[in-house]
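What follows is chain A paired twice: with chain B in the first complex and chain C in the second.
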Partner chain A sequence: MTTDAISPFISEPWTDPSNKPFIRIRGISRHYGAVKAVDNVDLDIYKGELFCLLGGSGSGKTTLLRMLCGFENPTAGSIEIDGQDMAHVPPFKRPVNMMFQSYALFPHMSVAKNVGYGLARDGMPKAQIDNRVEELLAMVQMEGFGVRRPNQLSGGQRQRVALARALAKKPKLLLLDEPLGALDKKLREETQFELMKLQEDLGVTFVVVTHDQEEAMTLASRIAVMADGKLAQVSTPRDVYEYPNSRFVADFIGGVNLFEGRVTADEENHMKLQSSEAGLEIHVGHGVSCSPGQRMWYALRPEKIRIARDRPDQPFNVVEGMVEEVAYMGSLSVYRINLDSGKQIKVTQPNLERAQDNPIRWDQRVFVSWDSSAGVVLPS
Partner chain B sequence: MKSRLGFVPVMAALGFVFLYVPIISLIVYSFNESKLVTVWSRFSTKWYVELLNDEQILNAAWISFKIGAISATAALVFGTIAALVLQRFGRFRGKTLLTGMVSAPLVMPEVITGLSLLLLFVAMESVFGWPAGRGLTTIIIAHTTFCMAFVAVVVQARLADMDSDQEEAAMDLGATPARVFWDITLPTIAPALISGWLLAFTLSLDDLVIASFVSGPGATTLPMLIFSKVRLGVSPDVNALATLMILIVAVGVMLAAWIMHSSKSKTAGSNSGEI
Partner chain C sequence: MVIAIPMIWLLVFFLIPFAVVFKLSLSEAAIARPPYLPIMTWDEEGILSFILNIGNYFYLLEDDLYIYAYMQSMKIALVSTLICLLVAYPMALAIARAKAGSRNLLLMLVILPFWTSFLLRVYAWIGILKTNGLLNNALLWLGLIDQPLAIMQTDLAVYIGIVYTYLPFMILPLYTSLVKQDAALLEAAADLGARPATAFFSVTLPLSFPGIAAGSLLVFIPVVGEFVIPALLGGPDTLMIGKVLWSEFFSNRDWPVASAVATVMLVVLVVPIMLLRLAQQADEVQS
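Showing the complex of A and B:
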């Protein structure tokens, strides 16, 4: 089964329009009375992807997941998995398995019986089940735990058992609801990489629901950012971070400084944005489809800004400000700077050297600058 | 701690005295040799021997046990179905009404329950010809009705505690809804089912008022017999009989409580046996 696996990190199936999506979601909605939990979502997910649904609570990500495995019926729209319409297919007949946020292990069954439950339902002979359970427990590094009860396991071990159980039937699609949510930070980081490796080895399509943007960035081949039941943006982690399509996405993923401005020059290879909020005319080194005078926003990531005590040698994108606060975080330092326009911005700088002779401190005046390609112009 | 005789221990002791002194005195006097209930002469078990030779009492006991077992079982089935419908089937038309109706017998005065059932049985007999007269059948029906409410409450509480993720997980792994019920739901709620049955059984065994209303000739339950005997004056063999009933009821209730408690602390019920 590994031969036909498509590693999402080598080829990007979504860039080729001739590729057939593995999951095809069209116009799907789930309304509870007046509440639109999921509202008219179109989404294509390709074979072998590790796809993340990212959003805050109430964004509709879990409802969308539950519609994929059949626990929720859509109010409107259709879901196709591997070319098969899922409209009237009950959960127990879908080629889909799910790992629950609570793990949902059966407390009255041993670990081995938990893992083998799905296989037994398929009528697999007992000897074969035993072999497969052994294999699965080895895969998640839980050999020898088969005889234990779930309440005799730690949180991390339960997570592994739940994963083994969900993978037992070799599903075409594995859904994971906050798979690492219950683990502590250290364990979560370790498990993230194990999960990715497992997914790559097995070639199973993963759809992961998470509210943790770092987790989504680490795991995903692509991320769908959800808000209010709609998809705000669907892109690779890099694109979601570097090219957000709205202020919401820019703000949701990582830190960002947003400047409001009006278009003053709109050429083919550059544009200018007059921003009273930033106190300067921002130069953008590429063309943007817009019209003069249009209101737009400039999103600038904290790490793409430079600060210095001396005026840098560049003709544009330089403003002055006063350091309000410095937070030393080890690998980097975070500066809060009050620009002369009154706007406070956040800047991060890597601490590349151990000893700094004359570090920038609070209450010092600094020049803030950035390249013409550092930020993104957002129409909304 | 100022003194060892604080407010709480004293009140607790008074409470226990208030609750249990009558029962203890009844038990003590059941071993009284004297024919006069209130005068202690010496220890004897002769009233127990007399009891076991009393055809009428043994007959009534047998009827009570039969009614208890049948109506507890029937109440278990219907009560569990009611609990499942209320707890697992989402919202439906009339759910609020059903919730109220299921628990109504818990607070309904027994006299009213008894009277209304009697009227129902009489009306049914004249319309359908069934149940023919009052007797065992009508008591069983009546007891099933009010015991069902208790079973439903116990099972519903257990279902509410239960993680419905487990049922969904089983379904996700390919179990049909019926299979999910046998493999996951039933083992999890088994302790509640056992304690529900025991509770229903003891309630049925205890009931005098409702049984008196819906009973007929030839179906005298144990509480009815005791009550009629006491009306002719308390005789010591009634003490002995009452002591035995207290024993049975106490064991039943304690067993039910213990099963519920131990299953909660383990968070796991009995094993489903096979998968």
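Showing the complex of A and C:
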């Protein structure tokens, strides 16, 4: 089996510099007066990716998406889709379809007419449209709903119709604006996996805008974290979580404990960070490019910390603290611990057993420890 | 309770006056004061007798002046409604698509003429349209015409007056239905390959049908009975039912015939309104 036969999903096309990106975004900006909604963004997205633009409101993710489908004109920069420059190409001529956040189904048309709208615009004969619409409705498990009006459907059904409509013209690129935002939690989880399966089956490139980091983590082949119109980090979900490149990203994706410190030892295979905030010298088990005395931050995920009543047998990364609060969440328990330095940290521990004798409770003194490879050192 | 108040309103100010008019239309004209005979009399033997005279209605059929006036009124109302629709639609669309901040100002401009008396505004049109009026002088000065156009006292002047007067009644309902349309719908249409014109005819226009229907009724109904505009701007051959009604009532002092004219006009107008209501209800049930 050659590498070509492996789906682009597994082969990670962005790691191979000889691969030609499907979408090339270069220096794109969108300014509204003094507001820089999108500011000088470079981004490559490859064929078959399920790419997530993740960010809070006002981060510029939706503006970037709208520039891809042509509803917003860039102030500067260029967008190339499948080798074609998109400047001056109006939305109705782009090889792109979009699923709108509000679904934007035509309320005066039946479901079948909605799904077939794009095909009718292309001048496809009616019999052919009917067949294709049937096929699409079957694909999203909406057989027999063709005669209904959109307002006779539930939120989840509307979402499916919107998806079928956006896929009707077999676009090479599908843009999805908060595709699951209007669904309740349970339906959202189900639909996430259906969406992924559909994307894999069809081989269409998906670009998804979302503010929900969990959704981005589940769906995406890669995530672009956006803040203030710029890309904060572009990586796989695992890398964004385990190797954030800034305090912003570390804090935005999942929970994190951040300690400020100064570099006291900078060796090739380890470094040390004196942190008065944590009340100890943090031992980091890998080299970091830095200079002695430099101010840096140590990001430590809550689930990578251990707590115990007895001092653990390890020479470094052990501090003492007092349990402030314990929250039982079912699959795990969340502890808020006040370190003796005064800093409050968050620790999560999986509930491995159903009954625990003598569990750790609030107002108990505990030892907090972590491995030298548990955290990430951040320069900013 | 909530329903009772409008009901009482309709009863007092609509149904009772109509009953009075309808009763009048069934009586006989007389040179008397009031100029008609009662339909209910006690004869000498103390027997109550009703004399219902439907002759007034037959009279309307006999003289083709009335039928002609009805047809003429319908025609003028229909054409004016269409012109209003064609003029108002782009205006309503432009206001609905304007920035949220300037919409209110534009709407104000639409309503502003109502601050002046309607009669005054129609008289102002005489000043514009008459032979040595503003329009003719301007066109002569520009050299576009050699001699003044005869616009006053023609149907054209009536159309101008009606379209001008009733335009806001078309713009406002159209605006209301256009402004609440989700802008994402047009984006969706464009995204699926519809050019702007196709998107307009397949999305914007059909979704504005309720506004078109409401605006058209608001223009059509009062224009059918319009009296002032044809009287002031129209010529002697501009025969509209409102004018006929006025002359029956005040010149001929034939109150029963005038009442019959009014009753027939009401029936003629109520039928299409009811049909429209039924169609709308059917549509609501369906959707």
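Following the convention adopted for this analysis, the second predicted complex is superposed on the first by the 371 of 380 C-alpha atoms of A that agree within 3 Å, B and C clash if a C-alpha of one lies under 4 Å from a C-alpha of the other, contacts with A are read in each partner's own complex, and residues count from 1 in each chain.
Here is the rule we use: a residue touches a chain if its C-beta (ideal position, glycine included) is under 8 Å from a C-beta of that chain, and two chains touch if they have at least 3 such contacts.
Keep in mind the model is a prediction, meaning the values are calculated, not measured.
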item: Side-by-side fit of chain B and chain C on chain A, or clash; value: clash
item: Chain B versus chain C as contact partner of A:151, first or second or both or neither; value: both
item: Contacts of A:117 with chain B and chain C, given as first, second, both or neither; value: both
item: Which superposed partner A:97 touches (first chain B, second chain C, both, neither); value: both
item: Partner chain in contact with A:169 - chain B first, chain C second, else both or neither; value: both
item: Which of chain B and chain C A:106 touches, first, second, both or neither; value: both
item: Touched partner set for A:209, first chain B, second chain C, both or neither; value: neither
item: Residues of chain A that lie at the interface with chain B and also at the interface with chain C; value: 69, 71, 90-93, 96-98, 100-102, 104-108, 117-118, 121-122, 149, 151, 165, 168-169
item: Footprint of chain A on chain B - complex, ascending; value: 163, 165-166, 168-177, 179, 183-184, 187-188, 266-272, 275
item: Residues of chain A defined as touching chain B within the complex; value: 69, 71, 90-93, 96-98, 100-102, 104-109, 113, 116-118, 120-122, 149, 151, 165, 168-169
item: Touching residues (chain side chain C, partner chain A) in the complex; value: 182, 184-185, 187-195, 198, 202-203, 206-207, 286-287
item: In the complex, chain A residues that touch chain C; value: 69-71, 90-93, 96-98, 100-102, 104-108, 117-118, 121-122, 149, 151-152, 165-166, 168-169
